[in-house]
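Naming follows writing order (A, B, C and D), and every chain is counted from residue 1.
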Amino acid sequence: MYGENLKLSVFGESHGAAIGMTMEGVPAGLPVEEARLQQFLNRRAPGQNAWSTPRREEDRPEFLSGVLDGHTTGAPLTAVIYNHNTRSRDYEALRFTPRPGHADYTAFVKYGGFADAAGGGHFSGRLTAPLCVAGGLCKLWLEERGIRVAAHLQSIGGIADDAFDPLHPEIDRVSPDFPVLSPEKGEKMRERIAKVHAEGDSVGGVVECAVTGLPAGLGGPGCEGMESRIASLAFAIPAVKGVSFGAGFAAADRRGSENNDAFAVEGGRVVTVTNHCGGILGGITNAMPLLMHLAVKPTPSIARPQQSVDLRTMQPCPLEITGRHDPCIAPRAVPVAEAVAAIAVFDTLLGTK
Amino acid sequence: MYGENLKLSVFGESHGAAIGMTMEGVPAGLPVEEARLQQFLNRRAPGQNAWSTPRREEDRPEFLSGVLDGHTTGAPLTAVIYNHNTRSRDYEALRFTPRPGHADYTAFVKYGGFADAAGGGHFSGRLTAPLCVAGGLCKLWLEERGIRVAAHLQSIGGIADDAFDPLHPEIDRVSPDFPVLSPEKGEKMRERIAKVHAEGDSVGGVVECAVTGLPAGLGGPGCEGMESRIASLAFAIPAVKGVSFGAGFAAADRRGSENNDAFAVEGGRVVTVTNHCGGILGGITNAMPLLMHLAVKPTPSIARPQQSVDLRTMQPCPLEITGRHDPCIAPRAVPVAEAVAAIAVFDTLLGTK
Amino acid sequence: MYGENLKLSVFGESHGAAIGMTMEGVPAGLPVEEARLQQFLNRRAPGQNAWSTPRREEDRPEFLSGVLDGHTTGAPLTAVIYNHNTRSRDYEALRFTPRPGHADYTAFVKYGGFADAAGGGHFSGRLTAPLCVAGGLCKLWLEERGIRVAAHLQSIGGIADDAFDPLHPEIDRVSPDFPVLSPEKGEKMRERIAKVHAEGDSVGGVVECAVTGLPAGLGGPGCEGMESRIASLAFAIPAVKGVSFGAGFAAADRRGSENNDAFAVEGGRVVTVTNHCGGILGGITNAMPLLMHLAVKPTPSIARPQQSVDLRTMQPCPLEITGRHDPCIAPRAVPVAEAVAAIAVFDTLLGTK
Amino acid sequence: MYGENLKLSVFGESHGAAIGMTMEGVPAGLPVEEARLQQFLNRRAPGQNAWSTPRREEDRPEFLSGVLDGHTTGAPLTAVIYNHNTRSRDYEALRFTPRPGHADYTAFVKYGGFADAAGGGHFSGRLTAPLCVAGGLCKLWLEERGIRVAAHLQSIGGIADDAFDPLHPEIDRVSPDFPVLSPEKGEKMRERIAKVHAEGDSVGGVVECAVTGLPAGLGGPGCEGMESRIASLAFAIPAVKGVSFGAGFAAADRRGSENNDAFAVEGGRVVTVTNHCGGILGGITNAMPLLMHLAVKPTPSIARPQQSVDLRTMQPCPLEITGRHDPCIAPRAVPVAEAVAAIAVFDTLLGTK
């Protein structure tokens, strides 16, 4: 449940009947361009590439409420994606031997064994699909107002892409195929992913996300700040373990004279000469590009044998996870990062006159 | 405004009549030990050390509501700290020449010149004092339940303290004088701070915070996750530009086989053999120590000349900030980090049966 | 969007693809007895009686999320009811000639013509079906804890049923067929409904609802009070124009010596000798039966010609509503009143240790 | 804690250090006219009339935050009223013998004896003073936009004042001295109050409140409806046991053909020919006057002996309440009703573009 002006609720379990989301507070009359939304969703979908899980189905949302004749009606907007994979009994075995790095154990403690363990249940990365339905719509609605949201892979397993220019992020340079700025670096990343995959392992990455065209004055003090609003949703993405804005952790090593962004006037508008603050001062946008980094941990599901515990007997229990899994989820986290930023920004914008 | 079960509201402006906070939802009958709370608040107070702004006043909270005979009454708990510094006319000059790195410009855009610009107004770091009143109380209430919250300076300007042992954070090793684990590293940090101060500059730092004694099962999926709950409040601290949990951004460079925390049984309880996840899986605590890092940017107020803009004439305008300022606010951010963690954990605990 | 501990969201439009609801915060492991739930839903369903609209379809919820093997999983619980009536073009004519007493005009103003006007869209009484799915579940979960929720028709068009005994509401006396305590009064009510129906008119009614078995101490001051929590949801039922507790408006004509409920001890428990307060003092339950009245206005859709305005030409425009409509919706509001009370009580209970 | 766009929090206990409120979300630059606000607060203040408790002190708010140079700053607005009556030990005796009709018993159950019982603590009617500070400000801000809020005593102990004309409420006819439309009826009410007072008793009343000048389109479906929003706050007023809109409970006895408000065009605007709906259709304003009734129960504190229970011994215990008490609080509830309506409307307006 997220939002101040939008109220977003995501539901579903990875192997249940359907996953979906409801957004309340969407103004009436906004366009719902299903084809463009689908393009966005396909960027998150599995199975499109060698390094990703095999394609099972297209994530095609059906709108149950809030959309009529291609426009929002002002009623709560509900979209569902039906699951075609039936609930597998394979998961039964996993029920009492939690997978390291997953929510299996903590969900077991919290829900007392009633949780739908199949495929991670409500904790599955699959739940980012309805998040992307919401975020994809917000992203399109922001574009109508001249606000663009774009992300790329900043690094994978230590191999770094070029960074966005903090003053003029090269959004159009991001490759539609593999989301990097530098094709060479992208090639190296793919090789790295293939290598760890061959070794039955996985690897993490960092996503950089930019929002351009923002007005100054969005956000506020305390938890109304843009960093708080975005981070609270970004940490809802499974596997995200760090969120930073602007120079982020690098700012901690700097001096004030290096880190402060001097003000100047450009084309009659106040700008900053550098953008170490990532477009946010005191929680409020300053009309410079908003810049965020997300740290994505390596996929916890790996082919190598791991050590778990049988929760019934409380005895150590070796674990081997079968099936195919993404050796690196960071590429698929790129559109999710955009979705999160778009939702947070659109929510804030709705509350601003 | 923060919280699901507690509802915390912080008010005040740095040079207004008072700053304070209201917490709703506090159960009746909890002890309010003012002396222990004051000890905690003094750790945040300015002016206690050479490297900090000169001491002006003790931040002594007065309880207007919700406390009777040393215990909470169940009514909203309101505490105020009266300001003794009168509103200075010195700030008038600053009103239209925003300080780089501060919220002056963005607050001007948002509030149209009505904001109380004096000393940063509602955006002042001084507002972390009422946050510490709330957090200090929560910290004491958590201690009663065997949950401890402690932070230290992980680094300042690139000089690193020892890190907490992720399995057994050495909370009692943190020096009461200067919050580090290694006195030698602390000495070097202080020298660095003195040096940048002498050069009219400032420096940033990283704070590491640990919470021990947590039960498993706190938090939940999506924005109910502990990372979302803590980060949303941590980013409300002025100057925080990054938040991470467990291995954080380092996890992005690792392989799954390195980053996953294997499960084991110890003393009849499920534990993890390592703690790269920082005690949180799927947004839910696993009863291992919760570990968080906060990146604190260098104090934006520096003595060196900076470049600003006169918002009336829209002409470039050099700026010199007079008065004394902390050359490094990271040491004072240490108790604030504890406050934030304590509030988020106590709030979550209240909603858990 | 309702609730502090539960978060309930109702979506759908009367002639859209589906209507439904999501409840977050439901504990794991609660039983979902679909047959008993269906029995409850059938009480609200149209078309079961002469005085109601002809039966089109059974409102049978499908659970998309949050239920597995007959129990809640702890994940958000989403249920949908698919609409089998396709969107009728008949409504097109009504689009610009708002029906008196309906939300047509105000929705037109708010949503600028984008609202789904068919059958009242998101404002349709049909949206009380998902409310009853949520409320029916809460009612069953409350029964497990010994808390019963029951309502009856207090009056229709001025014909009064017996009132509940405020100290011992005769819940089991409510007829399963037509929800009254006195079969004779019920018969008169049905005659009255048939008469106004024959005259092309409609009639309103009052619903009385009781909750028994409540513990003392639920609720709180201000908007945390049980009256505020229940009323806020009760006024979300279309056609409800008044809500009162205990003696309600009659208390305004009384003296304190008449209206105060003296305390006594009964079976070792504190009780009140009378129950004019309806089980709530200072917004908090006192363990006596909670009693509430809802005023339900006459169905606005009547066969008689009415006066409207053509919103395109801004000219007066006579209006005749065709099709069959409930001449009295109060009988169907009886289970909805129970649903509302059950949701508010269960939500409050979840936040109480 | 109330509000969607405003966030209002009221704190304090009747005999604590201070009572007060914080409003977040108030736009910057709104005037804070303290003299006009004080005039409004004085209407609620005790002791101004024969039938009210003797005047002890003027309720004069001090603004701690959010106001500078007579305007709001955009920061949270906090105002406190210091209590001059020290905590009386007289209340100690009452601590375990709850007063009938008060929250003493239920607060005891909820807060386990830690509640500040003095004078009703946080449940005291005195807490309506900070509510009136918030509401008085909202009322003045609404007046700037041409929206007027006014209430009068509709009845006391069965003696009825004239009702507002639902199409053109005679706001200016309300007497500033005793809030009625008809001076004759007002005189009779005062006689009735004096009589019950002389008899050691108290009496209840009904307040009618009107809001004029509203735009159409405020509110929404479900709990976003104006009735839900207003009722949730109105039931937070101690002693309110019923809330209705437009024809309210009378609508339940009517036919649709009587109760529906036909549409017409007047001065180029859509109007209704009658106003039985009280200006709200489907939870959304239709630009006709918003009309609400509140049922106020008789003051529970009466001089006559009453029956209570000693909570320590669980034995019956006679109770005599000494001191002076309002024999009728309905007159003082009139400005509180206005405050509540003003807060709810202003909150809704802030969220509407």
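By our rule, a residue touches a chain if its C-beta (ideal position, glycine included) is under 8 Å from a C-beta of that chain, and two chains touch if they have at least 3 such contacts.
Note that the coordinates shown come from a computational prediction; the quantities given were computed from them, not determined experimentally.
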With chain centres defined as mean CA positions, report which chain is farthest from chain B. C
Would you mind telling me which chain pair, A-D or C-D, is linked by more contacting C-beta pairs? C-D
Taking shared residue numbers divided by all residue numbers at the interface, is the value for chain A and chain B over half (same) or under half (different)? same
Gap in Å, rounded to a whole number, between the CA centres of chain C and chain A: 39
Separation of chain C from chain D, taking each centre as the mean of its C-alpha atoms, in whole Å: 26
Whole-angstrom distance, CA centroid of chain A to CA centroid of chain D, is 46
Junction residues of chain D - those touching two or more other chains: 1, 10, 75, 107, 110, 122, 221
Category of the chain touch graph - line, ring, star, complete, other: complete
Chain C-facing residues of chain B, complex: 5, 27, 75, 221, 351, 353
Per the touch rule, the chain A residues reaching chain C in their complex are 1, 7, 9-13, 16-20, 22, 24, 28-29, 62-66, 68, 71-78, 80, 107, 110-116, 121-122
Mind listing the chain C positions that touch chain D in their complex? 1-2, 10, 98, 100-103, 105-107, 109-110, 122-123, 127, 155-158, 196, 201-206, 216-217, 219-225, 227-229, 231-233, 235-236, 238, 240-249, 251-265, 268, 270, 272-273, 277-278, 280-286, 293, 295-302, 304, 306-309, 311, 314-316, 330
